[in-house]
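A quick write-up on the structure given underneath.
So that you can tell them apart, the chains are marked A, B, C and D in the order they are listed, and the count of residues begins at 1 in each.
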Amino acid sequence: MMRGRPGALLATALAGILAVGLLSFVLEPYGVYLLSLWAVYTVAAIGLNLTLGYAGQISLAQATFVGVGAYATALLMPHGWPFGATLALAGGLCFGLGLLFGFPALRVQGHYLAFVTLALTTLAFLVMRNEAWLTGGVQGIAHIARPVPFTSGRAFLMLCLLVLTLVTVATWWLLRSPWGRAFIALRENPIRAASLGVDVRGYTLLSFAIGAALGGVCGSLYAPLVQYVEPSPFALALSLSLLLMVVVGGSGSFLGPYVGALVAVLLPEWLRFMQDYYLVVYAMVVMLLLAVCPDGLVGLAGRMLDRQRRGHPAEPADGGKA
Amino acid sequence: MTPAGPTPGTPVLEARDLHRSFGGVRAVNGISFSVAPGEILGVIGPNGSGKSTLFNCLLGQLPPSAGQVLLDGEDVTGMTPAALNRRGVSRTFQLLQVFPQLSVRENLILAGQEHVGSRLGRLFGRPDAGLTAAAERMLHLFRLEALADLLAGGLSYGQQKLLDAAMAFMAGPRLVLLDEPAGGVNLTLLGAFRERLRAMNQEAGSTFVVIEHNMDFVMSLCTRVICIAEGQIIADGSPQAVRENPQVIEAYLGH
Amino acid sequence: MSRSRPGPSPYALALPALALAAIGLATTAPKAMAQDLQIAIPAELTGSGASVGVLWRDGAEMAIDELNAKGGILGHKLTYTVYDTQTNPSVSRAVIQKALDGHPYAVLGPVYSGSVMVDEPLTQKAGITEIMGGVADNLTAAGDPTIFRTTAAQSQVLMPAVIYMKDTLHAKRVAMIWVNDDYGIGGHKAMQADLKKAGLQLVVDDSAEAGQISFAPDILKIRAAHPDAIFVYLHEEENARLMKGLKQQGIKSPIMGGTVTDQQTIKLAGGAAEGALSIGGMDISAPVPAVAAFHKRFLARFHVEPDHNALQAYMAVWMIKAGTEKMGKADAKGLAAALHGMTITPDKQPGILFPMHILANGDIDNGSLLTTVKGGQQVVLKVIPPAQ
Amino acid sequence: MFWLLAQLLVAGLAIGAIYALIAIGFSLLWQGAQTVNFAQGDFVSLPAFAILGFTALGLPLWLAIPAALAVAVLVLGLLFKRVLVQPMLHHGVLQLAIATMALSIFLENVLKDTGGAEAYPFPGLTGGFNLGALFLDWQSLTVLAVTVVTVSALNAFLSRTRTGRAMQATAQNPSVARLLGIDVERMIMLTFVINAVLVTLAAVLISPVYLVKFDNGGQIGLTAFSAAIVGGFNQVRGAVVGGLLLGVVETFAATYGPDQYRTAVPMVLLILFVLFRPHGLLGRREERRV
């Protein structure tokens, strides 16, 4: 279900998270904040990777689920809800919304699902902006307190990394389980999958809802990280940027979202010296990347590793006839 | 997963006056037949005679315009392919239908996993759904051991064909519908393949329905053969009898 | 493909190491030389706020260069770093953190209120003065002692407009159209209350979207209501789209609004802006020779027309100078306290182009202007002096 | 009240006609080259900026428009096809769609960095005449007339000429078209060129009303996108009907509905159509892959 050895993939992801945690001790608050942003977006990208990369369903609604999670957390924490409870609720709420919206939307598949979810994101933005009695409208919800004892920048990063670790292990487990196998089966050949007893609609819906739930978890971390919630970050642009993260990292690869989110968060930083032109360069880099390695950076790295291994004379070049 | 066993003598599969038309074309035009437990029924007929449409109607891929499909005496018309499969009906495909990004072993485990336990149980249970042993056995039976860890997409055509068939048997089906299993398989592999199918039929007591163009294959494998032409059954009997039926010869030649 | 699996290769180890090094490199903030005063300029350089943020940055840049040419502040040179908020609050929070890591002397920007909302708690915590370009009322309402505006808040200029419509235009029935974003919603709220207070009737209360393509529905709603005056609270492009349509449909009711007499609106609307009226804070349209000179210098340097954002950022730099000179030393943490209650006049600070009074909450009172459009030019009808 | 309804209808049709032009290009690209072009809105901005650029260089408008058309055909037709679509196409529809999203970011920022972040006025027709209480403006009438002529010409080209029929055959089944001896590559290229012409026309028609700004494409693209789907993603006539319908419904909804939700209208229509009539008003059912 996972290209490469599953254990090694999990170990790599966890080692990366640990390295980020250690790195934060030599960074200034800005670096720590960026790493937190990386961890938070990675959670949403992992969710989208389940939906898109594994189950093959193009969803542009991930921003909405991030928004729902963020608003749920921002609204409930002042009422004394502990962070853990808001996190669980955000995840559960988005899982439920995923089922609710997914059920009719998955009557259609492929690019039509992309259209419906695109429309959904646009509508959700309007609701967040217009229903000020609930969301605070454009003025948003400010001064969101971080949960004790994770109030400092570094402590909150640790919380983000903790959640990311849990999500990583859970996703790893899911993908190794028969569910992960079923997701891939319905991405690759839904008709054959059905003939093998795979409940195509059920699993598609689940992949969409689990992806949505991780969007909610992301939002639930986003609100106390930024400490301010308003509608514009949850517009279509976020869905597109999460989509870019998944595809640039490597759609359907376990490590893809981690790498993709890193690129999305850091590339603008690297390109900052370009000043006004950096988005131009950023877009060009993305297009080039898509053209040169459609299986993303992780796929590219994998191919480089393969090539290097083949160079070793001691090892069999190929296990069998290709 | 099969519901309470059928009463003896009930056919495993029965088609009652099946019809299916596309626009004005009657692809299946009143077909009735039944398959007894343990039988290997061959379905032959010239191209465009309605064999594939019949298969698709039997398997829930296409809803029939009229008529009924009964499984163990129970009406299953209009049931989804997945639901039918969970009731013990599996199939192979005329065109290659394996999952190229999964390894051979993973393909086999996938073919069996939806028949084991509950869906939630599978999430929290063992990653292989307890099917590794069964998969190994199937790998052995179909001589795929050496390829077990390769991605199915990297296999040769014949190997994929074997895998496709092996997948159909993973869940211990009561009824298997094979759509041109011999197509594109080379002669050396073909004999072994036929033996495998025969062994599966005897060991597991599975019932087969086989669409096939390769007459030698059909004649040597099947216990009974029906011939379809223009959406209707024109002959039904032993392989020998059908082969010598003038109507059948006419249908093939006249085409 | 999953085949042979040897241990991790040197490549496999090099990749994460490279990634970590890259993170470290990318996340270090610029540090100023000890005696220089570092000014951080977070602005909306990309995204929907780009047209505003770019001018803000240019105005600040120009002021800093001019100030340095005249010897800086108390002998200190000013250096500056520009940060792009991408008009996105989460990025805004990131860049303000980066700016604060470099221990800036003061922060100039951003302009969009969402971005201000996220970084204001951080500058407050650091005790660093933040002079921003937002006009929403709530930005200075939280009691943050380090936040300042450079121009009047929305509600400060709306009541005079209502009074003008009532007393001078003799309007009883007013149609209002406002843009559905933080600017327009803030104005809409204040306007609703002010109209009620003045006893005027709101006959059309219509919201438009930023970037809205067709204004036909809005125009026809207004046409059907026959209002005595139309209050337009949109951005420049939407002003132009609306006013062209109003003119075409032959609607003659006087138009009053927020930015309807701005140079940009006039340029976009062509003749349709003729006769429009606006009461706004003292800014680029002020009938002051110094402002005209600024306008000329700006145009010569950037080849772009300056707007009120450019002027505000320009003046903000000189506010820093005035506050620092009042303290007598460059003390970043003392700057905010020094600025509160200050009245700055052009004779002492030539870069402050017209007198400004800084209120206790960081709001500015520098009077307002009644302007109209005549012969394709913005013309000042009346200068309303500061309350002080 | 009758004049109001008629006035709204005219306004809705005028804006819908422009949506239609953009939506046709959208559909053609999807049909002809499996390209879901998320940068279609920005494709309208580029020729608009080009026209302004050429007039700033001193060219009269009647020369600036064909010059901009040449630029559009070159950049949005040939270059887009050769440099982005061709190498990406075999990677899959998704990868290509995401690449066009990146292209949208690219175009908007190039326009901003070269043309500036502010909006620009664009020459158009002013004035009009009264028909009873109904006011008809020249600009809207021109938009409607140009659209009718363009769509008729395009339809005639596609159904009457050899090349047009070859294009349709290519869109329906490239491999069969190849067997029939059609130069499939050339037909696909022609699709991109036609799209470039259509967006240039749309730019000339919409800019006097909508003005020219680097990020105007987002809203235009999204609405035209909905129009293409509502009309049937795989039909020219469908895109026309979809565009007009959307323009009219949007205009009436903004007048009589809650105006805070006016941009919801195209999206709600889109969702309803995808769920209940996925092949659109006039589209054909797409064949399901087996």
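Methods note: contacts are C-beta pairs under 8 Å (C-beta built on N, C-alpha and C of every residue); 3 or more make two chains touch, one makes a residue touch a chain.
These numbers were taken from a predicted model, which means no experiment stands behind them.
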Relative to chain C, chain with the most remote C-alpha centre: B
A-C against A-D, pair bridged by the larger set of C-beta contacts: A-C
Closest chain to the centre of mass proxy, which here is the mean CA position: A
Cα-centroid distance, chain C relative to chain D, in whole angstrom: 35
Distance from chain D to chain A - Cα centre to Cα centre, in angstrom: 32
Whole-Å gap separating chain B and chain D, where each centre is the average of the chain's CA atoms: 49
Chain D: positions in contact with at least two other chains: 109, 112, 260, 263
Residues of chain B whose C-beta touches two or more other chains: 149-150, 154
Multi-chain contact sites of chain C, meaning residues that touch two or more partners: 1-3, 46, 54, 180
Chain C - residues contacting chain A, complex: 1-6, 9, 11-12, 15-16, 19-20, 22-29, 45-46, 54, 82, 84, 86-90, 93-94, 97-98, 100-101, 113-114, 117-118, 121, 136, 138, 142, 180-182, 185-186
Interfacial residue positions of chain A with respect to chain C in the complex: 3-5, 8, 15-16, 19-20, 23, 26-31, 33-35, 37, 129-130, 132, 137-140, 142-143, 153, 222, 225-228, 230, 232-233, 262, 266, 268-270, 272, 275-276, 278-279, 301, 304-306, 308-309, 312, 315-316, 318-319
In the complex, chain A residues that touch chain D: 52, 58, 104-105, 107-108, 110-112, 114-116, 118-120, 122-123, 126, 129-130, 191, 240, 243-244, 247, 251, 276-277, 279-280, 282-284, 286-287, 290-291, 294
Interface residues, chain B side, partner chain A - complex: 59, 61, 80-82, 85-86, 90-91, 93, 97-102, 106, 109-111, 113-115, 119, 122-125, 127, 129, 146-147, 149-150, 154-156, 167, 171
Chain B-touching residues of chain A, taken from the complex the two chains share: 1, 3, 174, 176-179, 181-182, 184-185, 188-189, 191-200, 202, 252, 319-322
